[in-house]
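Next come two complexes built around chain A: one with chain B, the other with chain C.
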Partner chain A sequence: MNVLVSRLVQAVMVAVLIGTATFVMMRSLPGDAAWRIAAGRYGYDRVDAASADAVRAELGLDGPTLPALVQWLGDLARFDFGTSLVTGQPVIKEIVHQLGATVSLALAALLLSLLIGPPLGILAGLRPGGALDRALLVASTGLKAAPQFLIALVLIVLVAVQLRWLPAAGHGEPRHFILPALTLALGLSAVNARIARDAMARIADMPYWRFAQWKGLSERQTLLRHGLRGVSVPLVTYLGLQFVTLVEGVIIVESIFGWPGIGHALVHAIFSRDVPMVQGTALMLGLGFVLINAAIDLAVNRLDPRTAS
Partner chain B sequence: MTATTDLPLRRPSVLRARGVGTTLVLALLALALLGGLIVPGDPYAQSLTKALAGPEATAPLGYDHLGRSVFHRLIHALRLSPLIALAAVAMAGATGLILGTLAAARGGWVERALVILTDALLALPGLLLVLIVLAMVPGTALGFWVGLTLVLWIEFFRLARAATRETLASPAVQASQLLGFGPVYIFRTHIWPEIAPMMLTAAAFGTATAIMSIAALGFVHTGMRAPTPELGLMMVELLPYWREAPLALLSPVIATFALLLGLTLLAGSRET
Partner chain C sequence: MSLLKASNITVSQDGTPILEPVSLRLEAGEPLVILGETGSGKSLLAQAIMGTLPRDLAARGQVALGDHLLDAARPVGFRALWGRQIAVLPQEPWLSLDPLMRVQSQVTEAHRLVNGKPVAEARTQASADLDRLGLTGAGHRYPHELSGGMAQRVAIAAARAGGARIVIADEPTKGLDAARRDDVADLLLAELARGGGLLVITHDLALARRIGGQMIVLRKGQVVEEGPTAAVMAAPSQAYTRELIAADPENWKPRTKQAAGSAVLTATGLAAGRGGTRLFSDVSFDLSEGEILGVTGPSGCGKSTLGGVVLGLIDAADGVVNRADGLKATAFQKLYQDPVAAFPRHRTLARTLDDVARRHGQALGRIEELLPRLGLSPALLSRRPDAVSGGELQRLALLRLLLVRPSLIFADEPTSRLDPITQKQVIDLLCETARSEGCAIMLVSHDPALVSRTADKMLSLGTTAAKVDVTAPRVVGALR
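Let's turn to the complex of A and B:
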């Protein structure tokens, strides 16, 4: 219960932080925000002083600061994110749409990473110092050092441009999932393969493991009955940390592959100074992150009751 | 900003990894600082007739799509990102160290307020924070400096606070206090030697994180603006010309990877 309360406090802090930051952003945009927004709405050739003034009056871009901030945060508390300055659509509507795309991409990436990383890690951990273990160490060190955009670049050049197997960008068909999900999954599996390997090596060194083998269980049975649960505890704990990578990765990877999700929307909103959109998408990423961490806390307590106390 | 874990390696391999890391970083720094002396040239000078041409004596890595020497753009980029990164890490390290030791030493509401603040900041993905700051602060380099400092100081704060709290409770510090030594002495002789090695590791990771963020945001057109030579920006500019000039694209890719790998290896393992 304590865990949930502290996560709730964290969520409120995140909302206030993002709300205030976006408010300051609205107030102190470099250049004339009204011009930019008007240009975003009507196109760069058709914007003039009159339309900029109309936008300024409509959005209340000048006026005293403090009451405006209170009102801004009040709107936020009532989950009123306003309307996008560029498209004129309610922000919430756009976000709900984008959230589906982001969540499906993130889940695909996570699933893929769990298919790649832990099995390799467990195999390597069963034979510490073996060929697979050493190869895995080199591969995961390299992959961990490589930023996601670099992995994306290499995949695009190799798979999409040179081999022409898969499209470099797009959304809608299952094959569009492969490259962005693989980009995210490679970075994640570099970490979870190491965690699985270390956990497995530690467990295989324990007396209960040797006892299980001694009483005649095959290697497969020992692993299934005595190994997997132990390996899963650090993996689930690190899932929380991996979501940092995932949420950040989503911002970059979606922009690179043109995936119509939250991260892509955030980058675009920042580019066109669409502050309500920035607020909505940033809030969604931040709160989603807190929510995931709360879920991880609960899951770890369930798997390993010793941590609950 | 990626989750990093510690690899339980045997001692010699840790040292070897550190050695490789140091060599990589020093080699790239030497290239960045001395490259311009060996082959003089201008990263902004264009000669459109040579667009996408191969390497020659005055441009060892060939030319980009606007006929600018890739070599000279690369060495400029290799100075820019590490400079911003080091400035941010220095600022973040100082802030985190001061606030962290202060929080542990004072306790009470100072500590509680700082912990709540860092918890809230930790709940924001770092890249998101940098993006928001970049949108608010005029000047991209300044924005990166402020934004990255804001992201990186948390790690230093947490390390400094944890280590200080542990050290302050030790019998050695109690003895010093009983002997009447002041806080400055206690910090210098007891706390700093505990923190210093951790701070160095955190600084190497922080530098890698910062360089990675600058390049990543450059790559999606939200970081440095053209025509500034920047690693991520160079890659995204040269990506469409991969077939015509593979070397031009590969050089920033390899340089960035080598730099980040070097810094990660240099940092070595870290307790998480």
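Let's turn to the complex of A and C:
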């Protein structure tokens, strides 16, 4: 229960901080916001000084900063995210639409990373210093060090362009998931393979691991009954941090693969100075972070009775 | 027919023998005790018989178990016997249970997966096992919710659930106080009474005496003596065994009381707690030069906290500590339980000691002068802490304290990690130090026999109100 209360307080603080920070950042961006918004609405070819001035007057962009900030935070408290400056649609509606696409991509990536990383990590951790362990260290260090746009481009060049197995971009069919999800999953599994490896090596060195075998359990039974749960505790704990990697990756990967998700929307909103959209999207990501960490706290408490007491 | 017969078991590391040929027989209903100090090879012998030696060690010899004949050189062959023929009771039961699994499941799984019983029957059986060991209702707990003694009983239930008739216990009383030690002995004997065999590896003479049966005494990888435990303990035929038995605190000669010098410290009505729990209250005592105050009590009763209060490291919740006038704060020193942890690992001992001598303005000759008095060779100084034995390191720790010219040494279980013979040496030196340096000593120990034969007076902490200034033998009587 305490977990939930403290996370709720955290959520409120995150909302205020992100709300203020995005507001300040958007205000201090160089360039004429009215011009950019007009360009977003009418297209770059048809924008001129007159339409920019019309936008400026309509949105009150010249007004003082502080009242605007207070108004935005007040709207936030009433769960009113405002309307997009570009499309005129309520921000919440746009976000919900895009969030669905992002969450499905993120889940696919997460699932894929859990299929790749932990099994390899556990095998490596059972034989620390072995060939697999050393190979995995090199591979995961390399994958973690490579920027995600590079991994994405390499995958596109290899799989989509050279081999022509999968589409380079697009949305709507299951096969469109594979490349963006794989790009995200490789970065994630580089880390969770290391975590699983370290946890497994630590557990296999514990007296209870030996004792399970002395009781007469086979190697396999020992792993299934006394290894996996222990490995899952740090893995799940680390998911909270991996969510950051995921968000960062989603923004890049969605842009590269043309995925109509929240990351893609955020980038576009920034380009066209769609302040309510930027604020709403950043806020969603921030609150998502708190929500996921609350869920992880609960899951770890269930997995490890020692943390609950 | 013997339950287990091991012939000519040897262990070597890179071709160097570290255990000379040992043969032993384990009979049903008669325990076998392997007695030896650290480095005697007693644990290696047990591991060779179980097939659990570390990879860099090679064993030779035959082990006959019922109708199985096994080659000690091929440890893989032993695996099928674990749980089914041999039950191994781990050294640290609390760490040997999976922290994420309820304890009853840890017994049930052995019944089910090793013994092949159906789930329901395995559950019933596990529950019956726990009941028999006095753990009724504790099955749904997790290991961190058990006491050490309960964990040990769960471990023995789990170890035997696979149907093993032979129990091998390696140092089952490591770090336990006297009362818990006897509980473990009784638990092991109760298991033996259910049929099967019992092999106990220990350095603990009191445990060996209580277990009885047959005994093998090992020293430096060689068998020194063997025979019925009672006979060996009553009339050892070898010099080493005699020395070992003489080193048992039970057999120490009580120390003659010294005439006390001037007062060092007076404590009145002390009370302290930890984490909100009151550990002790109304503790009063005084200490004079050359006097030894024994402090006993079960683990967790606040012995170390009392030390912190006396040394001025922890504030007392109540009461006052009056230190004699003219004594510096550094005159109150502590001798730690684990000497290895009390020395910087990567520096030579000479450097560490020189630093202390210089800091406290001692002539450099002082170290050389103290070395022979503590039975230490000057050659040790060029080594690092991990290259000297535990007993030597504890004596070096004492030497380091003496460089500070202490008026009071709080010795917190200074010998609990040492072998009996080394323990006796260190305690003798501590007593000698009290006399020759004229410093007061507070000696903390979980071993009432040790304290009663060493201390001038006793302080017993624990559930009962602290007793003060009672003569040693009476308190020891009360503790039993």
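The working rule: the second predicted complex is superposed on the first by the 294 of 309 C-alpha atoms of A that agree within 3 Å, B and C clash if a C-alpha of one lies under 4 Å from a C-alpha of the other, contacts with A are read in each partner's own complex, and residues count from 1 in each chain.
Going forward, a residue touches a chain if its C-beta (ideal position, glycine included) is under 8 Å from a C-beta of that chain, and two chains touch if they have at least 3 such contacts.
Note that the coordinates shown come from a computational prediction; the quantities given were computed from them, not determined experimentally.
Engineer: Contacts for A:A109 in the overlay, against chain B (first) and chain C (second): which applies, first, second, both or neither?
Structural biologist: In the superposition, A:A109 contacts neither chain B nor chain C.
Engineer: Can A:H226 be said to touch chain B (first), chain C (second), both, or neither?
Structural biologist: second
Engineer: Touching A:A181, do we find chain B (first), chain C (second), both, or neither?
Structural biologist: neither
Engineer: After lining up the shared chain so the two structures overlap, which partner does A:L155 touch, if you call chain B first and chain C second: first, second, both or neither?
Structural biologist: Once the two structures are laid over each other on A, A:L155 reaches no partner at all.
Engineer: Would you check which partner chain A:F289 touches, where first means chain B only, second means chain C only, and both and neither mean what they say?
Structural biologist: First partner only.
Engineer: Return first, second, both or neither, reflecting whether A:L241 touches chain B, chain C, both chains, or no partner chain.
Structural biologist: After superposing on A, A:L241 lies in contact with chain B but is clear of chain C.
Engineer: For A:L303, using the defined touch cut-off, is the partner it touches chain B, chain C, both, or neither? Pick first, second, both or neither.
Structural biologist: Second partner only.
Engineer: With the two structures laid over each other on chain A, which partner does A:W214 touch: chain B (first), chain C (second), both, or neither?
Structural biologist: Once the two structures are laid over each other on A, A:W214 reaches chain C alone.
Engineer: Does chain A have more residues touched by chain B or by chain C?
Structural biologist: B
Engineer: Determine where on chain A the residues touched by chain B overlap those touched by chain C, and list them.
Structural biologist: none
Engineer: Please name which positions on chain B make contact with chain A in the complex.
Structural biologist: 1-5, 7-8, 17, 116-117, 119-121, 123-128, 131-132, 134-136, 138, 208, 212, 215-216, 219-222, 232, 235, 239, 242-243, 249, 253, 256-257, 260-261, 263-265, 272
Engineer: Which of the residues in chain A come into contact with chain C in the complex?
Structural biologist: 206-208, 210-218, 221, 225-226, 229-230, 233, 303-306, 309
Engineer: For a test of understanding, state which residues of chain C touch chain A in their complex under the given definition.
Structural biologist: Touching chain A from chain C are residues 50, 52, 79, 82-84, 87-88, 90-92, 95-101, 109-110, 113-114, 142, 144-145, 155, 158-159, 161-162, 164.
Engineer: Can you list the chain A residues touching chain B in their complex?
Structural biologist: Its residues touching chain B are 6, 9-11, 13-14, 16-18, 21-22, 24-25, 28-30, 137, 141-142, 144-150, 153-154, 156-157, 161, 187, 191, 194-195, 198, 238, 241-242, 244-245, 247-248, 251-252, 255-256, 266-267, 270-271, 273, 278, 282, 285-286, 289-290, 293.
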